[in-house]
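Pasting the structures here.
Below, chain A partners chain B and then partners chain C, in two separate complexes.
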Partner chain A sequence: MSYALELRGVTKRFGDVTAVDAVDLAIPHGEFFSLLGPSGCGKTTTLRMIAGFEEPTEGELLLDGRPGTTIPPFRRNTNLVFQSYALFPHMSVYDNVAFGPRRAGVPRDEERRRVNAVLRTVRMEAYADRLPRALSGGQRQRVALARALVNEPAVLLLDEPLGALDLKLRKEMQIELKHIQREVGISFVYVTHDQEEAMTMSDRIAVMNEGRIEQIGPPEEVYHRPATRFVAEFIGAANLLEVEVIAAPGGKPTRARFPSGLETAVASANRTDATVGSRGVLVLRPEHLVLHAAPPTDEPAVETTIVETIFQGSVVRFELTTPDGTHITALETTRRPAPGGPGDTVWITWAQERAHVVLD
Partner chain B sequence: METVRVDVGVRERSTGAAPGPALTITARRRITLALQAAFLLFVAFVLFGPVVILAIFSFNDSIVLGFPFKGLTLSWYAQAWGEPNLWGSLAASLKVAVVVTPVCLILGLASAFALTRFRFRFRGAVGGFVALPLVIPWLIIGVGGLLFFSSAGVRLGLPTVGIMHVVIAFPLVTALLSAQLFRLDPHLHEAALDLGADERTTLRLVVLPLLLPTLAASAIFVFSWSFNNFIVSFFTAGFDNTFPIWVFSTLRRARDLPMVNAISTLISAAQVLVVVVAWQLLRRAMERRGQDIRDIVAG
Partner chain C sequence: MVTSPPRDAERQVALETTYAGRRRRPGRWAPWVYLSAPVTILLVFFAGPLGILAVYSFQERSRTGDGSWTLANYAAALQPRYLETAANTVVIAVVSMVLLLAIAYPLAYLIAFRVGARWEVPLLLALALSDELNPLIRIYAWRTVLGRNGLVNTALEALGVIDAPLDWLIFTKFSVVVVLTASWLPYAVIPLYAAMKTIDPRVLEAARDLGAGWWVTFRKVVFPLTAAGFLATIVIVFIPLISDFAAPALVGGTSGRMLASVIEDLFLGRGQWGVGSALTFVLLAASGVVVWLSYRIADMNSLDTSR
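Let's look at the complex of A and B:
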């Protein structure tokens, strides 16, 4: 199978600093793929290497199955949507969008058809004659997207394109971007540090940290079965409880024990080469926890004290602490009355089928 | 209760001041405004008073530059018209300015690009070196040019004047263009490359059009600097005359003074007219392209 984009062992060093460290990626045609990570994790450098603005120190890059490592940016069939939009201020919306087709020598009537079509896709056809300065941030964003899309690239690259928009507009544009991507069927590589944004739009997410990819997978998998502690903590809120594996038939952990001696079932783990005695953390999402006023008898429960309860409308957030001082956050819907207030002792249980262990 | 008490307090304070010659806020603003206007008039008088007086006396029917006014005449203008050296020196100055201006634009563009787009060793030092002619007195530069050309055995004349004008004027272009390049989003350049334009096409379609207003403004500055320069030209012109040199040498004969007055008035008027028209054209061109001319000089 040929991929729209493939990275094989791509490394980028700036002097002594390794910005991107042996990254392997394979992005099929039509996929919405996100590179997610904190600032300085190498995601933008990776994107710039795909666009051709940086040359990899090592490794190989394939576009549509053909080698692309050394193709200059103006001959690459990739297009980049810049965070600052980088619309040409002296050209109208139409001329901005027509810039690519004109460079490619597209005939006039074909150019007109394509530009108008893509402006319709981003709902900006009424603004074709405007200058960028006469547009709002959201409109500029759409034009920047149209200017890249009109070239029908093998991969469309987006560098935090919604970063400059306010929250409400950002949420709207997330949904719209996803729709547009489905409509045009072009692979998107989307760089962001916002895990919620990545989950909202992506088919798959690569979580990056310190130049390396920590995990690649669909949003559900990255969220429910994180491969590393970093992923568990970076994606969503997570409670990490130290555990020791006590049963691992065939390397797959099935039971774990807390330092308190309490034992629990394990539904999944990041590794399949575990042995009895392997150490790690049990990842419990706040919304998977259930609070009980009395100790339940039929499932393992951790005793905690309520430090604070915060009413948030649809949910109540409980800040809890265990006897050994571990901090735990739990979310409960407001359907039932709170099991207690600050200072009260409550017992937490969790959705057993979500009990995921990340081994060190 | 609380609000009522505050209300009373305010009223007391304002009525308490009423018996004296109270200055209302409006009155204070008027006084400030009047002072500002007076200051502005004073500055304008100091700056332009001499030029205006010069212009007035160019119509005075007397060889003496002083009151009382003897009567209106255009004879000085008529005499100027027939002055053969005037036309030669004007043509020389125009020739020099016409050659110097594009050379300065090209040099300024190249150095501004180097200083803003590339990182290299001693970049700061090179930048300072380029800007140096802007702070060294023109007298020193003129004498330096004279010593250099004479020791190198170069015959002085209009070409050496032109070379020296380039030396003093292109750093100004570098400064203006650097400021503009510095403020351009570097991603514009990358965006053009990304959309399939090679470096040359990017320069032609994106970078140069965005620099065009600054280039035009630079051209206006360089042209008038070159055309008006006296000191540097004086030292490096040899036996050639530029217009300012001719004016200076003519001034030494007192009886020609009113004629020089007439010529200077005309030339000044022409230059102001040219610059104003050029500036307006530029402003309109920029407005059409959605830019603001204030971007060039301010910010």
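Let's look at the complex of A and C:
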């Protein structure tokens, strides 16, 4: 099977700084793929190497199964949607979108058909004669998308394209982008620092940190079974509790013990080569925690003190602290009355089947 | 990242405040009060002398002021020998202008987009400083470079490229063009640089990403977006080019003569103020035509940049 895009050991150094460090990626045709990470993690540099604006210091890049490392951007079968849109300010919407087909020597009537079709896809056909400055941010965004899509690239690259939009519009555009991607069936590589955005749209996510890929997987997997502490903390909110493995048949941890001596079952782990005594953290999502006013007898529970309760409408956020000073955040729906207020002692239990351990 | 929508919003607010401010302003005469000083200077030191020259150009024996009205000066100004110099002048000015733009466009592009923040300001400063040099000293420096025993000839002879010094290097149209081009380079680069700085570099990347090589990117994106700077450059540089008299006088010899040096000679050497004035207006009309043409060329509406 050939991939739409493949990166093999791609590294980029700027002087002494390694911006991207031995990245391996394989993106099948038609996948919505996100590169997610904090600013400076190398995700934009990776994208610019795919677009051809930067050349890798080491490694190889394949487009549609063919070597593409040194193809210049104007001959490359990729198109980029810029964060600032980068529309041609002196050209109408139509001419902006037609720029690519004209460079490719598409005949006039074919050009008109394709441009109008893609403008319809992004719901901008009524604005074809407008100049970019007469459009709103969201409309410019659509034009930028249309201008890239019209070339039917092997891979469409998007560099935080929704970063400049306000929250409400961003949410709408996320859904719309996903729909458009399904409709056109082109592989999207989407760069963002917003984990919620990445999860909303992506088939798979690559979480990057300091130039390296920490984990690649579908959103559910990245969220529920993070491969590293960084991923656990970067994706969503996470409570990390220090544990030690006490049972690991065949290298797969099944039970762990807190420093307090309390024991708990382990549902999954990031490694399959664990031994008794391996150390790591138990990852507990705030919404997986249940608060009890009295110690439950049938499952392991951690004793905590409520520091603060914050009412957020559909949920209440509890800021808790354990006797050894570990900070824990819990979210409870407002369906039932709060088990206590600040200063009260509560016991927390968690969804046992979500008990994921990240070993060091 | 700075984004466009808020910028638009700001501009809108700015516009509204401006209009509001204008409406509140008390008298209709206020703009004229502000303009009175520059207008006075223009009238006294530009329009006035020009009017006097206009009178001279239509009078006989105008030096004493008792001449009668005549067109003889214009007839004299349109003699073949002056027309030849005029043609020379236009050729030299146009060639220098084309050379200037050919050098200044890439240079402005490199400074604006390629050299990086570290070299941008030093290079601009170097350009500005090169203009600080006294024009006469600069021209004499060119004589030591281009002269019979100058740097170029000596170097070429030492390398064995030529046996005898090239004699067309100096006191020809060539030398005038070289000196004029070098002298006015800063004035061409700086407006073009300013125009280029208003282009978002991502727009150029977008062009490349969409399949445009450097030439198409220049023709479809850079040039249309810098048309205003292009026009400014022509207006700023062409008039000094066409009316220069120091360069032709010092490195032009006989073949590199330009109209302005003829006018200078008519006024100061031969005392023929009438003919000199008439020639002045011929020169003025010629530069007017060029400026008008450049307006036409740079007019974005008449320029199809989309295809």
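Assume the second predicted complex is superposed on the first by the 360 of 360 C-alpha atoms of A that agree within 3 Å, B and C clash if a C-alpha of one lies under 4 Å from a C-alpha of the other, contacts with A are read in each partner's own complex, and residues count from 1 in each chain.
The rule is short, and it goes like this: a contact is a pair of C-beta atoms (placed from the backbone, for glycine too) under 8 Å apart; a residue touches a chain by one contact, two chains touch by 3 or more.
All of these numbers come straight from a predicted model, not from anything done at the bench.
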Once both complexes are superposed via chain A, do chain B and chain C end up clashing or fitting? clash
In this superposition, the partner of chain A with more touched residues, chain B or chain C, is C
Considering only touches as defined above, state whether A:F14 meets chain B (first), chain C (second), both or neither. neither
By the touch definition at the top of the document, which applies to A:L80: first (chain B), second (chain C), both, or neither? both
Is A:L131 contacted by the first partner chain B, the second partner chain C, both or neither? first
Between chain B (first) and chain C (second), which, if any, makes contact with A:R140: first, second, both or neither? second
Just checking: does A:F88 make contact with chain B only, chain C only, both, or neither of them? Give me first, second, both or neither. both
Once the structures are superposed on A, label A:F311 by its partner contacts, choosing first (chain B), second (chain C), both or neither. neither
Name the contact category of A:A164: first (chain B only), second (chain C only), both, or neither. second
Common interface residues of chain A with chain B and chain C? 51-53, 72-75, 78-80, 82, 84, 86-90, 99-100, 103-104, 132-133, 147-148, 151
Interface with chain A, chain B side, in the complex: residues 185, 187-188, 190-198, 201, 205-206, 209-210, 289-291
Seen from chain A, its contact residues with chain C in the complex are 51-53, 72-75, 78-80, 82-92, 95, 98-100, 102-104, 132-133, 136-137, 140, 147-148, 151, 163-164
Touch list for chain C against partner chain A, complex: 1-5, 8, 200, 202-203, 205-213, 216, 220-221, 224-225, 300, 305-307
Where on chain A is chain B touching in the complex? 51-53, 72-75, 78-80, 82, 84, 86-90, 99-100, 103-104, 131-134, 147-148, 151
